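Next, two complexes with chain A in common: one pairs it with chain B, the other with chain C.
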Partner chain A sequence: MSLNRHLYLIPLASISAISYATEYLSSEQAQKVLFPEADTFTAVPIQLTDEQKDQIKQLAGVRQRKSEVQIWRADKKGEVLGWMVLDEVVGKHEFITYSAALDPKGKVLGIEILNYRETHGGQVRDSKWRKQFVGKVLSDPFKLDKDVANISGATLSCRNVLDGVKRLLAMQKVVSFK
Partner chain B sequence: MKNLIRLILSAIILLFSQAGTADENLLGYIKGAETLPTGSWEIYQVLTSRSNKGTGAYGALDSKTEFEYGVTDSFSASAALKMLKLETSGISVDGYLPKDNSLSMRPSGFEFGAKYNFLSPAKDDIGLSAYFSFESSWIDKHSGQDKDTYTTELLLIVQKYFLEGELVWATNFGLESTYAKRHPVQDLPANFEWSTEPEMELGLGLGTGLSYRIVPKWFLGAEALYETEFETSVGQERWSYFAGPSIHYASQDWWATLTWFGQIVGGGEQFDEQDSKELHLIEKTKEEVRFKVGFNF
Partner chain C sequence: MIAFRRMRPLLGTYVEVGTLTESNAIPPDFGSYFEIIEKVHSLLSFHDAKSDLSRLNGSNGQAVELHPLSIRVLKLAKAFSRASNGAFNPTVGGSLQKIGALPIHGKLNSLDFGDETDIYIYGNTAKLLRPIQVTLDGIAKGYAVDLAINLMRKSLSNGWVNAGGDLRAFGSVELPVQRRALSGEMESLGGLKEMAIASSLVRPAFDKHFPSWILSTSQAPVHKGVWSVLSKKAWRADALTKVLCTADPSEQTAILRRLGGVAI
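Let's turn to the complex of A and B:
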């Protein structure tokens, strides 16, 4: 039937429509926001082995997708304040880029959302939502609506950011950051 | 035909010109368990082309324009206008397709729906929702003849995320009950049976589908649907298995899904002229193509 042939044209028109990509913060900006008192940031990237990735998965309950991890150490007058880890998690349509600040004792100092391009859940950028992560340690439950409130319409994104932060804490335990 | 295509494309362009976001359908025929957030709106346009009955010429285009509203985070309500375009010639099936027919696109019915989410697929181990709908139509979608139909459907929806949400599995189980009464048809062929007595039908459906995000924004899926229908006078009137691939695109503001659905095997009532005895071709066709586009507000 000829209609079938015409129907295939419609998604082609769809693809050409406008889409948005928003970068809210660069990694340099995120470093300064998460460690405002730091005077030096030093890039200390790591390369995870398969064994380390397995250990992270065992501790966090979610897989570590990438082997290369971007990390910056924040210092103040030669004293280590902590590390900022740049990471991505799966959103409903695209990856969500965020960074987490971890202190030397394995505690979350804060998180920042660098890129969020999902339909619902722009509130993940709100400081009120992000503040719920402050003070979290690996032994916390990391359960949505228990540790951190869910955002309706963005449950998958919230869950994956929550799991992602736990994974970074697990990474810090497996690989001592320099 | 050209006017129809122009109308469809114009509607699509109009929709794209408006801002919105989306709670998308990853698959064409299998529903997902998620509901809209409180206070958000969604508009869908669904076009389904049904073609090829194995003899003669048969082509139908179903249109469904639906508005959905998130009443609470777990409950959404919807209303839809249904339209139908149909061309059939060279097919006569006693009791079902009386004669050639040509209908331009026209309203054929409306539908109200409600969906309640019991378990969230992203928060709980598995997602579970129930969907209830009531439909009233005044044109028979198979023959294009006048027929008053009232249908209720209850659908149970199960959904599970794998790989942090990159792989999505959904399964539907549906129970449908229908009351229908045909209007008389003038100039019927000799000895053609066309009952205008009220009839009751009971339909069952079981479908499942998988959708995988191959790259950001793009999903490839596959889905399958078994449907059967029981009718007062003939018992099991029909059954069929359809299956096919889906491709889905989603951005922050809108989404679209295209599905090809072919009848793999079917049975129940058949007619002499159909070229395959392994299919049900009276109320179904050999293939369907469905295109959906959705926007949230």
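Let's turn to the complex of A and C:
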């Protein structure tokens, strides 16, 4: 079948990193992506008390670790559209910084990953399959940076981020954002 | 060239959409690529009790009108099941519910599995001819990736989508791909260009913390490991991983070749 003749991966220069970090959006870019209609963003950080952290845990079932939380309010012509909250979660392999946009009624307007870092205990090794191609020349001029994580394998669950968002919604109930 | 990429939690995993551009500006309409993926998810999620798929599964044999996209994926699933002689089976929802890999909406009242002929489609309606539970997990994520790629092609010269390991690239971009083994060890596979790759993990035993599970409806054993397939389309690569892990090792290459994929 002719289709299969073209199904092979292109050999790459050896990749040795075992930790990846990808920055998707800066905090400022995320604000614009999550609230494209806003004309002003105002930093309104909060400092949570231990009591408030306990209340968040009770409401969300997930512990709020950090006391300092970075929040920006998005306004359009003086009207509050909502808030962007910056948060972090840790998974099995991954460490994620993300932003959630919440409206004044406590609805999630959007979630964007800002930073994704994945680490592994094991070495990166070349597959046997790949080795047969080592030494052949690449002709394509466009290549991504070598340490980019494009990983195929067991699908990682995004539950950590979704639990994080639940925690942020609880936070919004406990502390009214300004 | 600068890689512009965004990532959102979608399809139960992390979905990355990217492109190589000349400028620093955020390419327009980038959000729409995520929206089409979200659309497929909302229609075909087994977990969501209100999805098209759940309405069909809860229909007690009545005809149900579905979104054209849902009909399209059901047709693909049926055709691929036929082509693979049932090795890919979209009617195993009942079995997966029994072991706790899939949720039960309402009462569990299903055969362990059926076959593709139990799903009857005419026009924009579908009907289940026996009490089975359809699951499109083996194909819907890949299909969502393909739809996003089709949409990207309209306004971008190159790009890629990575939906939790189901990847497809188009245009000049050459995407370095690694495979994560069960141990966490990474393996370099090479560069992906104008192609899709999908991987499925078969764990040694069912683990409720990682409920994704593949089972065989024939006598064939399910081989443990991480199974990866290259194909032109992401839905096909996705579905073929399920065929691969149940195929007799001596026949894997030939079966995949016949169905339009290559195992790596």
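What to note about this one:
FYI, the second predicted complex is superposed on the first by the 118 of 178 C-alpha atoms of A that agree within 3 Å, B and C clash if a C-alpha of one lies under 4 Å from a C-alpha of the other, contacts with A are read in each partner's own complex, and residues count from 1 in each chain.
The definition used in the following text is that a residue touches a chain if its C-beta (ideal position, glycine included) is under 8 Å from a C-beta of that chain, and two chains touch if they have at least 3 such contacts.
Note that the structure is a prediction, hence the values are computed from the model and not measured.
Within the superposed three-chain model, A:Phe177 lies out of touch with both chain B and chain C [touch as defined at top].
Of the two partner chains placed by the overlay, only chain B lies in contact with A:Val62; chain C stays clear of it. Once the two complexes are laid over each other on the shared chain, residue contacts for A:His93 go to chain B and to chain C alike. Once the two structures are overlaid, the count of chain A residues touched is higher for C than for its counterpart among chain B and chain C.
In the superposition on chain A, contact of A:Glu112 is made with chain C only, not with chain B. By the touch criterion defined above, A:Leu156 lies against chain B and chain C together after alignment on the C-alpha atoms of chain A.
On chain A, the surface patch touched by chain B in one complex and by chain C in the other comprises residues 1, 3-4, 6-11, 14-15, 18, 93, 120, 144-145, 150, 152-153, 155-156, 158-159. Across the complex, chain A is touched by residues 1, 3, 5-10, 12-14, 16, 20, 26, 31, 158, 160, 162, 164-167, 172-195, 197-199, 201, 210, 212, 226, 228, 230-232, 257-258, 260-262, 264 of chain C.
Chain B meets chain A in the complex at residues 1, 5, 8-9, 12-13, 16, 21-24, 36-38, 40, 47, 49, 51-52, 58-59, 61, 73, 120, 122-123, 161, 163-166, 213, 216-217, 247, 249-254, 256, 258, 287, 289, 291, 293, 296. Across the interface of their complex, chain B is touched by residues 1-4, 6-11, 13-15, 17-20, 62-63, 89-95, 117-120, 144-145, 150, 152-153, 155-156, 158-160, 163 of chain A.
On the side of chain A, the complex with chain C involves touching residues 1, 3-4, 6-12, 14-15, 18, 22, 24-25, 29, 32-33, 93, 98, 111-113, 116, 120-127, 129-130, 133, 138, 140-146, 148-159, 161-162.
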